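Okay, here's the structure, questions in a sec.
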């Protein structure tokens, strides 16, 4: 086992997949010699060359559109969008084209591609370098959406995403790129299946569902609650579409209380769907109302430090919400 | 707090009972399980054992009086404790099929006060959440007895769990379907719905020199077994079945069944095979009466379920011949689950025309079960074991040759009533069961 | 369908007649679709009448069966040239079970034909342009000598998506032909309100690739220009923007009434310049066809259309269940 950062997990995943399958290639802005503005593709250009680690024009729409074309021809592009905040021009290609291609051609044409982008705030990025966009895409049948929170899952989910024959969006919590460290095995293939959540801390008193950086904050908050005698079960969703619904319901069945935590704006954020599912299918398990703790409903995360802190969730805010729910 | 004793419902369509003799009177001490009163119904005369230890506080029904099932008969409590004056009408009706628990502290058998099973505001109980309402319903709890530690004093799930753990309710014993019992322990249905007799079937303490009297349940079982053997000449025939195809079929389909919420167990296959054999060999689905052989039109298949210390119960799948494999699997799961939680209706343990018992789960390879009167046969299922068997195959040249294979095998035993069936018929039946299993799919 | 030879300047008689036949069949099918719509028998039709020469000329200039095609909704003649059958078109028109473009999931004329390398396209205009660039990119990466051709109307060249696809192909010298069927109308909006240049081909200069404008009513001219573009693509010289000037002789679609924005006189001029009648006249003049043969072909076309219409009308609709899949590749059924 070696300890690596989350971004190193992503880099290793891409390195291994490029080595394994010559149809895999990376395309995006600054991914080549620069190695990516976050260094996610560092060293890969030198190793695999310009045809496999390709710098694109500054045009997110065509990063995805051209990627779709290549995928239709049989290749396996990994399209990098530099910041999730800039994915919006590509929305048309992702939603109108990638998501619908298989369905509209009755399976004749498929799009085996990965679109990966760093998302989330807390890094002083202001309105346009901090957005969470997962709810837009988790809403679209035909896409898959995953969000790793650990280096192991980052590596395993990205590798699985590359091998999946459907278009898969991989949103990476940029705050955790170097902050989150974890072990990966050296000599075995790391593959994490899409569609599976993970219980990362077992508990009996309440269930908290989260993903990305929020998952780590929830673990910290759960530790605090343990000191108060409350045992919180923490579930890292990992896969937003398809969702591991059985894991969610099983946890609620066990604890009777559900708290959904997400960094995105509260209204119509992804966690709202979890809450709806629990309220509907887990109704008779519930000992308390289903609670959501999320970002405030303002257009985006502000830049100035105190304003950013006001927007962002943190372990203290989460612990307070857990305490409150536990006492219900 | 006082414990109520109610008139039990004994058997299908029995709606009332008569108090024939009070064995204890107000002011008497009484031990839990000690017979309190003798009652008589259309079907049976029996004793009602006390649900609690204490003092008989009050008796509400006179000797010779006939009252409906569910009616309050007496109250047991602490000396000097006040007893309710008269039964309060509507809430006395016990839910059909509910039983008093055999072990630990008995719960109130009266239903949960109206309003408290509905989630929502109740003046006295505070907010009742969905899970609390469900648990109360499942365990038949009186929420007014449970202390609330939640916000605003509401009863939380943990409060209910704690209450149950302390013995406030009958926690259902673990008696999973595939667990079983030895084939001889039968508990006549009346006994199940009668008063809890609480016999502890631990085989006795075995103190040398002591004589341990039989409890009522043990006595009933002993009587039934003897009666059965005295009624029917028992003969048992044995065959074995290769379950390879059943195993393969189950493997291929259990996922799909589970998606529909049905557990596909091996028992379902044995049930299905037995049902088909009963249709093919109708005399196995018959009873010998005074007038002659009565062929039963429908196949009501009894499946023996162990209730641990409480012995055995045999829920019956009515019209089993009209059910598919899926239907049988679903019915088995449902009946087993409710047998476990004592929620079977009296009709569900009566009217069987044939019985299957599974002694294999405790390791028995094959056994010779006793017929469940007034039926004429009983199928025993042994342990499923991988064994080496000889299989015939063809060489490339077309010659027949013997080879060795490892197969999941099971011994099946049929005990039949030799008054109406002979060995050939018994073997025809059993052979049919084997053939169905071996050619499944 | 015979695979055409590379950049032939002289077409054989056989091929020439085949081109005419394809244009004729397209026209008759298209006309029948209008009739069916006005009879209330179909819900929607979007027409290619007037575009046939451009599409057939382009198709015949490429390697049908191995090159890749990313068309748009007016390309009926193109699809017929690539092997789609009249019955297949009619099934799509009527939304019947098993229609090859989408299993009746898409509106009519939203083409997809895997066996002929025709990529599925959608309704948002010009989304397919970047796909063509991507296909060209993959061809280049794999070292294949294929060509990808994609078509739009001139309105489509206003979309940002179109520019991004063309730009990318120009940067990497991809083997792509950007075919623009300029009929001067984007529904009702005339070319002058659509672009600052006079000819779409002029946009090429600003993007760094070769731009050619051709008379799209002349099938042999289009054939020549596209053949040259294909050669350019296959030899690594990069993409070409080909503007084929055509006439849209009908309203935009069955939901449009073009009398609200163009005059009868204008339509009369178009009729006079009808590429089908012009080509027929030329073939007769060149001695490749006589009137009797022309009439026989006409009768054959009518018969083909009648049969296709009948087959499709009798075919069943898909079951409700077919709407539920395939959302993911895992759900694809190969019946």
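Labels A, B and C are assigned to the chains in the order they are written; within every chain, residues are numbered from 1.
Assume a residue touches a chain if its C-beta (ideal position, glycine included) is under 8 Å from a C-beta of that chain, and two chains touch if they have at least 3 such contacts.
The model shown is predicted, which means the values in this text are computed figures rather than measured ones.
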item	value
Per Cα centroids, the chain farthest from subunit C	B
Chain closest to the middle, measuring from C-alpha centroids that were averaged per chain	A
Gap in Å, rounded to a whole number, between the CA centres of subunit C and subunit A	41
Inter-chain centre distance, subunit A versus subunit B - centres from mean C-alpha coordinates, in Å	51
Centre distance in Å when subunit B and subunit C are each reduced to the mean of their C-alpha atoms	74
Sequence positions of subunit B contacting 2 or more other chains	none
Contacting residues of subunit A [partner subunit C, same complex]	25, 51, 56-57, 59, 61-62, 64-75, 77, 89, 92-93, 96-97, 100-110, 112, 141-142, 144, 165-166
Complex interface listing, subunit A residues touching subunit B	205, 256, 283-288, 327-328
Subunit B - residues contacting subunit A, complex	129-134, 150-151, 156-158
Interfacial residue positions of subunit C with respect to subunit A in the complex	68, 70, 101-103, 105-106, 110, 112, 114, 119-120, 122-124, 127, 129-139, 141-142, 148, 160-161, 164-165, 167-168, 171, 325-334
